[in-house]
Each structure stands twice: as C-alpha cells, then as structure tokens.
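Reviewing the structure listed below.
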Amino acid sequence: MTEMISTSVLNAENASREPALKRDYDSLGERLSGRGIDIDAIKNKVAAYGVAVPSWGVGTGGTRFARFPGPGEPRNIFNKLEDCGVIQQLTRATPTVSLHIPWDKVADLRALKEKATSLGLGFDAMNSNTFSDAPGQAHSYKFGSLTHTDAATRRQAVEHNLDCIEIGKALGSKALTVWIGDGSNFPGQSSFTRAFERYLDSMKAVYAALPDDWRVFTEHKMYEPAFYSTVVQDWGTNYLIAQELGPKAFCLVDLGHHAPNVNIEMIVARLIQFKKLGGFHFNDSKYGDDDLDTGSIDPYRLFLVFNELVDAETRAAEGFKPAHMLDQSHNVTDPIESLMTSAMEVSRAYAQALLVDRRALEAYQQDNDALMASETLKAAFRTDVEPILAMARLESGGAIAPVATYRASGYRARVASERPAVSGGGGGIV
Amino acid sequence: MTEMISTSVLNAENASREPALKRDYDSLGERLSGRGIDIDAIKNKVAAYGVAVPSWGVGTGGTRFARFPGPGEPRNIFNKLEDCGVIQQLTRATPTVSLHIPWDKVADLRALKEKATSLGLGFDAMNSNTFSDAPGQAHSYKFGSLTHTDAATRRQAVEHNLDCIEIGKALGSKALTVWIGDGSNFPGQSSFTRAFERYLDSMKAVYAALPDDWRVFTEHKMYEPAFYSTVVQDWGTNYLIAQELGPKAFCLVDLGHHAPNVNIEMIVARLIQFKKLGGFHFNDSKYGDDDLDTGSIDPYRLFLVFNELVDAETRAAEGFKPAHMLDQSHNVTDPIESLMTSAMEVSRAYAQALLVDRRALEAYQQDNDALMASETLKAAFRTDVEPILAMARLESGGAIAPVATYRASGYRARVASERPAVSGGGGGIV
Amino acid sequence: MTEMISTSVLNAENASREPALKRDYDSLGERLSGRGIDIDAIKNKVAAYGVAVPSWGVGTGGTRFARFPGPGEPRNIFNKLEDCGVIQQLTRATPTVSLHIPWDKVADLRALKEKATSLGLGFDAMNSNTFSDAPGQAHSYKFGSLTHTDAATRRQAVEHNLDCIEIGKALGSKALTVWIGDGSNFPGQSSFTRAFERYLDSMKAVYAALPDDWRVFTEHKMYEPAFYSTVVQDWGTNYLIAQELGPKAFCLVDLGHHAPNVNIEMIVARLIQFKKLGGFHFNDSKYGDDDLDTGSIDPYRLFLVFNELVDAETRAAEGFKPAHMLDQSHNVTDPIESLMTSAMEVSRAYAQALLVDRRALEAYQQDNDALMASETLKAAFRTDVEPILAMARLESGGAIAPVATYRASGYRARVASERPAVSGGGGGIV
Amino acid sequence: MTEMISTSVLNAENASREPALKRDYDSLGERLSGRGIDIDAIKNKVAAYGVAVPSWGVGTGGTRFARFPGPGEPRNIFNKLEDCGVIQQLTRATPTVSLHIPWDKVADLRALKEKATSLGLGFDAMNSNTFSDAPGQAHSYKFGSLTHTDAATRRQAVEHNLDCIEIGKALGSKALTVWIGDGSNFPGQSSFTRAFERYLDSMKAVYAALPDDWRVFTEHKMYEPAFYSTVVQDWGTNYLIAQELGPKAFCLVDLGHHAPNVNIEMIVARLIQFKKLGGFHFNDSKYGDDDLDTGSIDPYRLFLVFNELVDAETRAAEGFKPAHMLDQSHNVTDPIESLMTSAMEVSRAYAQALLVDRRALEAYQQDNDALMASETLKAAFRTDVEPILAMARLESGGAIAPVATYRASGYRARVASERPAVSGGGGGIV
C-alpha cells in the first residue's frame, strides 16, 4: 500500500490530539448512554460508511468567467488518484473514485487499476461526458447528444456510453452515471416531446448493453448549460426514465439541481418508496448548481436527507441501496482539503441521523405533536458528533484532524514542485 | 333562457363597436391570409372553445391578513350562478361552472340544475374541500384529511369525496377534482412515506366509487397551507398517483403551484406524452400561488402552455382531453370583470397558439435553427388576435367589449342593492 | 409577581434535571476552556439577552384557506399577557411584549400596564395595523393606507399611527413598528413613484410626532398581501425611507420577507454598516413568509445572522442597538410551546455566535483561507450550547426544560376550561 | 462609410418586402389614429432610439461546461467591429459599441477609432475586467480585485480602471462600467463589512480620476462567479455606492442579475426617483444570469421596464438619462442574428411603451380601477408594432427584415473563410 502522507507525520499529528479525543469521546458516550444510545455502535456504522470522490474534483474548478488554478494541480488521472489517495488515507471515508470519460481515458487500464489498488482505492460509477466536444470528435454536441435531431450524433453519444461501460468493466465499476447537457435556450428551439422520445430511444440502447450486475443512474438537472429547458429537468422526468428503462435503472439526485425552495428530502423519500433511488451527488448551494462543499451552506438540509436514508435503512426498505458520491467544484480552496472536509460532513450527517430517536419520532407523528417531532430531529442534529467521526478515523488508521495533518505534511508544496503549472482556461466567456 | 344583462344594453354596446371590429377583422384576415392562415377557421375554433368558471371565484377573495369585500357579493350558489351567467352571456367562453362542496351544497339539487340550465350553464368538475372544517364536522382536518394518521378522519374525508361524486352525478358533472391541504409545517412532523401510503389508500377508495364515464383529477401544489411539505407537492408525485390509481385518474396543473422558475409548459408536455394530463387551473402569479388574473403577469408563459396544447391537438395525441378551468382570487377587482377578462386571455392564448406555423417550426427544430424557431413562436404571439376573439363573441351572441358592456349595464349596482353586505372575514390572522 | 405556572411544579421539574445539567455544563465548560472560552461569561451574556414576544403570537394562526383554533385561546389582551407571562416565567428570555393596535386596544391603559407589571413583563415596540379594516372605520384600506390615492384615507392611517404612539407612551414603549400591506396586484394598478412619494409624505407626518427618545422601525416585505408589488419591497427601499425620515428611523428585518435565495445576513451587515439596522422579526421559512418557528427550517442561517450581530457588538459598531422580536404564525402547535422554543432558538444562535473565534476568523479572512474561515464558523455552530442556555434559565428562576414543565403544569387544559372557544375564521377564502 | 453588407443585396431584400410593409404601416396607422396616436411620431422616436452592442457579444458564448464556437468567429476587436457594423447597418438601432478591457486592448487606438468611424460606429461605456487574470498579471484576482485584502492587488485593479478611462478618453467614450466578480463562496470567507469598506475606498480612487463629463456605472449581481455572497449583491448596495461616490456615479441594472421573482421594473422606478439610474444591460433569463436574447423569455417584463422609462421620459424626470446596452451570451445562435433580433426587441418594447395611454392610466390609478389600469398596459403591449420598427429601419437605410437580409448576404460564410477557427475552450470545468 502506497501511503501518500508519511506515517510519521500522521502519527505525530494524531498523538497530540488523542488524549483530548478520548476524553471527548467518553464524555459524549456517557451523555448518549443517558439517551439509550451505544456510542460504539454508532461509531462502527460511521466507520463502515464511505462516499466516492469524483476524479475531476481534485482539480481546481471555475466558472464561465474564469478559472484560477492552484499550485500542484494533477496533470492526469494518475496524479488525480494520488490526490484521492491522500483523501482516503486521512479520512478513511472515501474508498472509491468515480471516473469521467473521456477526461480520465487512458490506454492502459490495467496500470490504472493497479495504481488505484496500490493506493487502497476502488472504482465507483463511471461518468460519461457528452456535454462537451472532445478533440477530433466526428459530430458536435452543440445541439445535443443522446437527444440530437441527427441520428449519427445520437449514435455517437450512445457509443460513448457503451465505451464507458467497457472501461468500467475492466476497472471493476458496477454502475454508469449519465448526465447530459441536452436542452434548449429558447422557447420553440426544441420539441419537448420529440426530444424526450429520442432520449428514451438512445438510453434504451445504452441500457441494453448494461451487464446484469450493473446499474445505470440518470441524473436530473433543472438548468445549465441549457437555459430554457433541459431534457431531464426534474425527478418526475427522471422517474419516468427509470420506469421506461427497467429494473437496473435508477434516479440520481444531485443536491444542487433543483428549483429554489424545493423540498429535496421529500423527493428522496418518494424515490425510495417507489424503489428508484439510485444515489447522490453531494454538494451544497445557495443559488443554483453552485457545487459548493457539502454542508457548507445548509447543514440541516443535508441532515434531513440523511434522516430519510437512515429511516429507510432502519425499515430495511425494499430495493434501497443508494450510491453516494461527492460532486463539487473547488474554486477558492485546496480541492483535497475541501473533499476531505466534505466527506466528513457527509459522515457527520449520517452519524447525526443515526442518533434520531425513531420510536419517539414515530409516536409524535402519530399524535400530530408537531413541536416534539421537530425537536426530536433537532436534538439529534444538535449533538456534536465530531468525537465519533474522529474516533472512527483514528481506529481505521486515518487522521483525527485530516486538514491539519494534511497541512503539516507539506503534500501540496511537494506536488506543486513536481507538477508543472498550466494556464487558467475557462475565462473569456461572458 | 334568462339573460342577466338586458339585450338592449348589449345590442347598443355592440352596435357602436361593430363597424370598427369588422374593419379590424378584415384587415387582420388579409394579413393572416398572406401567412397562409384562414382567419375564419381560427375564429371558429375560438368560438368552440370554453373554460369553466369556479363558483367561488365570483366572490371577493382575500389573504390571511384581510378580505375587503366588494358590493353585491353573492350570498349563495344561486347568486353565484347568476354572476356566472353574466360572464357566459357576455364572453360566450365560459359555458360551465365548477362547484366546491360543501361551500355550494344545497338541499335541492334539481333546483340548482334548473337554475343553471336557465342561465345556459352546465357543470364542470366537482371540487371537494377537506382543507377546512365545516361547522359540526365530527373530525377536524387540522392535521390532515385523506392522509390523517387517524383512520376515522381519513374515512370522513373519503366519504366527503363520495358525496361530491353523488352530487356531481345529479348535476351532470363528469369529473372530481381533489386538492388537499395535507402536509406538514416542520421537518419530522409527518413521515413523507407513511403519509403518502395513507393518501394512496384513501384515494383508491374514492377512485373505486368513480362512475365509469368520470375522471378524477388530482392537483399538486408545492406549499400553502402547509409550509414545510405538502403530500402532493409536484407533478412527479401527481404522476405517481395517477399511475397508481388507474386509467380514470389524471393530473391537474394549476399554473401557480410550482417552485420559482419551473418550466411549466414542459411539465404539460410530459403529462401529455405519458397520457396523464387531466387539465388546468388557470391563473397567473409572480411569487407564489398568487391566484392573479390569467395572463396578467406573464402572458408569454400562458401562450407557451397553449402552444403545447395546440401541438398535441394537431398531432391528435392519444388520450389528450384536458379540462380547462379558471382558479383565481379577486381581491381588488370586480370578480365578474376579472373572470371575463381572464376567460378572454385564455381564448387569446389559444388563438395565438393556433397561429403558430407548425410546419416551419418543426423544420427549424430539425435544423437546430434556434433563432428562427424562437421567432416563429414570437411571431404568432405578437399577432393581435383581439378582432378574432371579438368576432367570435359577437357571432355567438356575446359582447364585443364585455367589460364596457357590463359596466354600462349597471349589474353590480343592482345586485348590491339586492344582496345584503356581510362582514369582512379573513382578517386577524398574522 | 403573579406566577402563571406554580412554583412547585417548576421546582419539581427542575430538580429532576438539575444533576444531569450540572454534569453537562461542567463537561462543556471544560471543553470550551480548552478553546480558551469562559463558559460562565457566555452564560451571563445569554442570561442578559431577551427577545420580545408578539401579543398576536399566542393565538393560533391560520392561512387564507383555514384557521384551526386550539383549546384555551386567549380572548383579549389580558389573556394574551398571561400566556406571555408563562413564556417569560419558564424561559426567562422574553421580558417584553409587543402589542398590535387596534387588536390590543383597551380603554384602561393603566390596568393593562399593571397587569403586565404583575407578570414581570414590559412593552416592546408598538405595531400599527393599517392592513385590515377595523369595524366602523371611515375609510377602507382595500386600496392602501399610508399610500392611498385618497388624502383622507392616508390621513386616517397617519392618525392611527399617532394613536399607537400615544398608547405606547402610556405603556412605556419606546418604538413604533410600521408594516403596511400597501401595494398592487397588477402591473399598472399603481404608480410606483407616486405611491412611494405618498408613503414618504405620510411617514414624515408620523415621524414628526415621534417623541425624542423613540425610534420608528419600517419593515420591508417582498409580497403578500399584495401580489405584484409592495411599496416597501426590500431593504433598498427600506433604507431610502430611513434616510429620508431622519435619525430616529431604522430598518426592521423580518427573516421571511425576502426573495428566494437572498443572503439575509449580508443585508444585516449592510444595515449595520450604514447605521440603519432597527431590529428583527424572527421566524423561519422555506417558501415565502411562512412564519414558522425560528430556527426550525434553516438553523445555520439564523446563526449567520447572529454572527453578524455579535461581530458588530464586539466591534462596538456605532449606532448598533437592534430590537429583537419574534413574529410567527402557530398553525399546528400550541403557541406557547412554539414561542418558548423559538425564544430558546434565538438565544441558542446568540450563544453559538459568541463562541466564534473572531481573532482566528479575521486572520483566515485576511489570508483568504476560505476553508478554515468556514470551519471556524461551523465549529462554533456545531457546539451544543444547550447546557449554557439551560443553566442561564435555571439561575434566573426559569425552567431547565420549559416545554416539559409547561406540559406538566396543565396550563393549557386549565385555560381551555376558562376561555370559551370561538369559531374558526379565516376559511372560505380561496 | 464601409458597408459590410452589399447595398444590392439589401435593396433587393427590401424591395420585395416594401409594398406589404407600406400596407401594414398604413393599416396600423389608421387603427392607432383611432386611439388618438400619430404613428409617425412613434416611428420617429423609435428611429432616434439606439442601444449599444457589447464587443464580446459577437463571439460565441459558453458555460463552465463547454463552449461550442460557430464559424467565422471574430479574432480581434477589428473583426468584432466589422460584425457590429453589420448589426448597425441592418437594424439602424445599434450606433455604438461597448468595449471590454483588456479583451479589446490594442496598441493603436487611433486605428481603432478610425475603423469604428468608417463603419458608422461610436463608442459607448468602457467595461473593465478584473474578474479574470490576464496573462502576466502581477497579482491574481482569485480572491478579489477592488476588495482584495491585499493592498497591492486592489491598487492593480484600480489602475486597470484608470487605464480603461484613458482608453475611453482616446476613443470618445463618456462612461466607465464597473462590474466585479468579488465575493465569497463560503460563510466566513470574507467580512461583508470590511470587504465593502475596501470596495468603497478603491472606487473612490477610480471616481477621482473620472473626467467631469463622464459617468461611472456600477453593476450589481446577486451571485456568480461567487456563490455565497457578492460584494455588490443588489440595488440596495448599488445605491449606497452611487451615493457614497458622488454625482457622477450611477447604478446599472442588468435584467438577469436579481433574485427569483424580484420586481425589476420597480427597482428601475426607485432608481429613477432617486436620480441614480445609470442604465441597463439588456438580456433575458429564466433561471439565473442566463444571458439569453432580450425579450425571448418574458417579453412583458421587458415592456414593463420600458413603461417606467417612457413614464420618466414623459414626466421629464430630473437627472434621467439612462444608457442602454445589450449584454448577452450567444451559445446556440449566430451572435449577429441574436444581437440584431435583440436590438429590435428593445426597440419594440420602447415602441409599445410609447403607445400606453398615460392619461387614462393615471386616471385608473387614481380611481383604483386595477382592472382597467392593467388592461391599459396590456392594450399597448398587444399592439403589433413591427410595421413601425420596420419602417423606421427602412427610412434610416436599414433592412426591413434584418435576419433574412443577413442570411441572403452570405456574410457568415464569407468571414468563416477569412477567419481561422480556434479551439473550443471553456470546457473541462465541472
């Protein structure tokens, strides 16, 4: 196993924090015990939990206005895996990486798999990209991909998805995630109905190539890059797709892809109830698809999503097996730090949701005691579960304080000297 | 036939406007002819088109802060029918009335039907009310109706819907519209999943009682009166309901019941495509469920909805038979004037959508000529079709200028003297 | 001093919880001490903090669709004060009551003041109501009050505000809060400019009557009850008003009165910077002016507002003296329970904001260390400060667990037997 | 004068359409005459009206996901001016161009001015860019420009604005537009107050360098590229800036820069009333800053903005002299076609607003006749003013049908052969 951060740094950082952690963990354990909760049981669940990291997340993101790259940006998928290795080593919460094709396309898949294995990483869902044109591509996606009015363009987009499945098979992935930018910028530009018919036709061709033990996740998004309509605009359309395609098709929920004010946790509940929740792209947002760090804007909303997930887990809801992935754009932070922090936020929401007194909650719901039902959730949310998360990390070989340990390690400066800088990109579009 | 507005007033008003109308109609006909359109064919379609008026719409609406009644408010459903009679007499675009039970409940249904017939009115969908408590009601709907945790309350709500069907059968209605206020104000107050299971159970009992030639319309709404979640929050959930219930169940779209920025015309297209569009509650809004006069805030959005409807009509889409109804709250206008104006706005959007050059549009869509596709819709929308609407009214016995004719008739002053005023109501809630 | 809840119940409830509280308080104190924070200093600040209760909040609220009253609703302002007395007795965080005139108008102001004093309550800002018509009122506010096109109506509205000042003077209030429903439902209905000119004229007349030691708070709101435009629609207009009126005029921020996604804490910062922050109407919301319990939907947002307030307090920002008031509608809970819980949420946000390491935060800001700046706020927010709040209550004579103690006291059942029920109201408006 | 489109093509295209135009113009004139309106007077006002074209608008825009360039994209500002020359030649509604520095920076300003003059173009406001890093720039704007915590970076940003003024002076511009991307992505990242203090300091330095006959326009935007807060987030802050800077400082309104549902025409009215409306960036949007073609999504909203402008023009409001500019991103259309169409949409809204019967409107407002006030605006909006616009173009030497004429000219194919293609850019950012 290749350790990206030296064990001596990690151990030293942990050693200085371990006594305080033990004290806090015991103190919290005592208080939880008073509420009838076994802290070790929670810790074990948290330790077993993981969220996938997107390969593209370790590079600096940007906007249509500009991109401001940081030092030591990864040059290729091998660099990216190393950065992902850091995240997993310190947080022990991100055991898999999700690739984006063609961005992460390489000739030697065996080498890629070996690299991942050496870093203790596996591969999560494959992501296909038909929202931008790759160099030398025969047909442009300017006016759509899987829904294009031109059959050859649609076929090219279908083939690309089939390629992604093949790559995924070689790497041990078990799922394909399809998000497309197809849509329209003006009323009339596209026929809603015909475009969706074409979409379903294309996706049926992709679905037909899906191995038996794979799942396909389709992802809805209200707008951007299309600014009047998008083909898979909301969970309603997403559900129709999963229904039309068949039992291996599921809906992916990206927390930032909804209209303002929408109750996302309710959508999650509906998809669970109708056995079509595929999983998540976690992030946070205040305005649109801001792709900010998970839990940074509205942590209670994240908790409420996990409250539904733990509810389903507790009920052993039929067909419930969501995939969890981060999907963020790191424009002003070190991507490694943001991804570590976000993975911990996801774990935190999970831990808090595990603390909900579900028997009491159900009784309050039955009695229409709205105030106490609300307080039951708030009480779980207010519990500072950091000692649980930190202890889970420590016992799994990770860092009590991942960001501090990472900074102490000097990793960023090291890769900055090894990886040549590239120009900004992304600018000039207004 | 009882004419609520005297024929002499109507004739005099029309006479003064007829020469100009003829001139404008001919001039427009000539210009449309240059675009290959037969103005009389459009006029005939418009003349055949009708939108239902809600019985509750002829009273002054209000907010939780206050209600400011106007003079001559209807005291009962017979008064309301008379006001609806005025609207239909002058616009010839509102041949049916939609009742709300228990608000419009009467002992003598035969008398009610005769009254309507005498006014040239029929009955559209029945609306059940389980969002407020009627005097003497055994179980309160404070915490829900069809989804209540208490079985007896759910049963009461189901029975009320069965009553509505019975009343409707006696009156010649062929549809039941179900909108409920059920939901929650706080996270945790209600289990999304269990509440929806109860909803489906209740609705299945209602559905079972539906006559073979009836349809049931369920209506989604994002929020209000519940402010954290509503059980039928969006078209996705609404579609699931229609699917679970069966072939007589359809989704009703109220234009004001969506999240900000949502592309409503696209939802309409999806429901048509999947054969579950039941119909509309027309109104307009800028913020929430403002229930403003149709077309008063964003007339282009209304046109785009009708563009989808005419597209489906032209394609003879399978199962396409939407019901059209106004649903507005008239807080600062004379409700009769607002309903006449709104009925004309609906007809206007229909007429404009009929003018779209669909062959050209389809070609532009096929060629991804976004600009010309957009301009094709805009060209139809920009056409001032008022002469077509006015001519259709005139030839059907209505008024060229309904509002002016209504004002000239003195109807409001007359009923103000006949109908005693009641106190405001609605206030005191902040 | 009249104790609404018997001391024996209170003491018994506290006694059962005191040992655990002491343990939790000490444990938290130790952890905070490790972060360089003196828990007693925080507790003392929290104990000194108070938020006003609105007199109208102790009645059950409703929507335009319905109101579902609970048992024992207050019949008059004396009843309301008693309920407010319960809230203050148990939480020790709500020392004042804010009246609404004419709802709370009484002949004998001396008796009112004595009643309040006997309950340990003072009077916060006076609220004038010109958004609904009082019985027998000469001019209707249907089309506006302070901005009405009719001078006599404007004068009446001005006079009403002058009355409010007089009543407030008699009761010891020091501020007038003006929120009006004036606006328009349709484009064109009102001239934005002329309406605002009339508003300023009217308010100048009110301002002229303001005692020297009073302040006037104007409150902006984006929409409702007007659904196209409101005269004081946002903080920009609100600021212009405060600037035009003079040094005793300030802007009031109701957390639920903004457009979707608006950054409210930033508005708070701007008003502080320009010395025009008057204070708050606290509540929470997911969609519009939902008036839900404070902190029930997005507790982090509430914390971020308090982060600005504590920042200003720490900097001793010039002219910084905001008034704090709850303003909520309790539709599905016992209003007393909601107000107690909400007062505690406000205190909680204050306590959390006091924990922010401001020196570290400023350094991170200076260095553009976005991640650590964000984490600095999150660390404070994540701290469970309940032991601090509970200890502050206990030491001030309140309840460790106000809701449980209130339920144990049987207060609601007692007043239900003493106060006759009234009919629902609020319904029938759709 | 260099004609970019050959006169023979233009004349031929016009000749084929002139008879029908004359007929339509006369027919409309007759109808308007019946409403007391002189069509020639309207036409003359429309002919005198112009909107500036942004130099960056003639290139294909994109999103953070991808940019799909079209054929014949301009390589430099001289190419761009030629494209702008086409737009002005055919529409006669875009006499000036607005530059963006450093994008349009050239060594030889005299040559640039001569080029513009030869095309019949002048220069509108200068736009400074401190939201992206130019190659070789000493200090990065990653964490801000005019508000950066580092004084040297702020100074660099100020200097850049001073450069823009110098360039503008050489070119005959009379205004500087300042929009910055400064803000924060996370709560805590930036101090709202200190950042705004730094902003004001920087802008005061820019203001000090402003020639006496210049104006400076500051532009607010709610979000993007910053996703938690922006320094000039709304018109309230924008107004404070204009007030702090002085009499040459004004607020610029970009129609796409507001929160959902915000009443933009009301903001326009407030800024006019307080003498701080600087002008507009016109475009349209459904979700965020979509930068779609003006009038393509909500044409009535555009009309309502112009209704305020014409109202102010009619009243001869003090200090009213707004600058008009298009600011759009053309991702799926030929930019020249979109800009021509958009310029015509702006003229259309102006023409429609000129048709409003302002005397009647004022009377309805005075009488609170909301319905007729609304109908008065709708009647003007519904008038198809295309014959007026086309006649104004024809008489000024432009095209009756600019898009058709442009297509007939083969201009795009010609420049495609002259201007080498460049790679996509903009992609790879997710």
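Labels A, B, C and D are assigned to the chains in the order they are written; within every chain, residues are numbered from 1.
Criterion: contacts are C-beta pairs under 8 Å (C-beta built on N, C-alpha and C of every residue); 3 or more make two chains touch, one makes a residue touch a chain.
This structure is a prediction, so every number in the text was calculated from the model and none was measured.
Peer 1: Between chain pairs A-B and A-C, which one is joined by a greater number of C-beta pairs in contact?
Peer 2: When the contacts at A-B and A-C are counted, A-B has more.
Peer 1: Please identify the chain with the largest separation between its CA centroid and the CA centroid of subunit A.
Peer 2: When every chain centre is compared against subunit A, the largest gap points to B.
Peer 1: Measuring from the mean C-alpha position of subunit A to the mean C-alpha position of subunit C, what distance in angstrom results?
Peer 2: So the centre of subunit A lies 39 Å away from the centre of subunit C.
Peer 1: Determine the centre-to-centre distance between subunit A and subunit B, using the mean Cα coordinates as centres, and give it in whole Å.
Peer 2: Their C-alpha centroids are separated by 42 Å.
Peer 1: What are the residue numbers in subunit C that touch two or more other chains?
Peer 2: Residues 142-143, 184-187, 189, 222-223, 228, 260-261, 263, 286-287, 293, 296-297, 300, 332-333, 368, 370-371, 374 of subunit C each touch two or more of the other chains.
Peer 1: In the complex of these two chains, what residues of subunit A are touching subunit B?
Peer 2: 142-143, 149, 184-194, 196-197, 222-223, 228-229, 233-237, 239-240, 258-263, 265-267, 269-270, 272-274, 300, 304, 307-308, 311, 361-362, 364-368, 370-371, 373-374, 376-377
Peer 1: Within their complex, state which residues of subunit B touch subunit C.
Peer 2: 56, 61-68, 100, 103, 131-133, 135, 140-143, 181, 184-187, 189, 222-225, 227-228, 260, 285-288, 290-293, 296-297, 327, 329, 331-333, 423-430
Peer 1: Please give the residue numbers of subunit D that touch subunit B in the complex, ascending.
Peer 2: Contacts found on subunit D: 20, 24, 27, 31, 34, 260-261, 263, 286-287, 293, 295-301, 332-334, 337-338, 341, 368, 370-372, 374-375, 378, 381-384, 386, 403.
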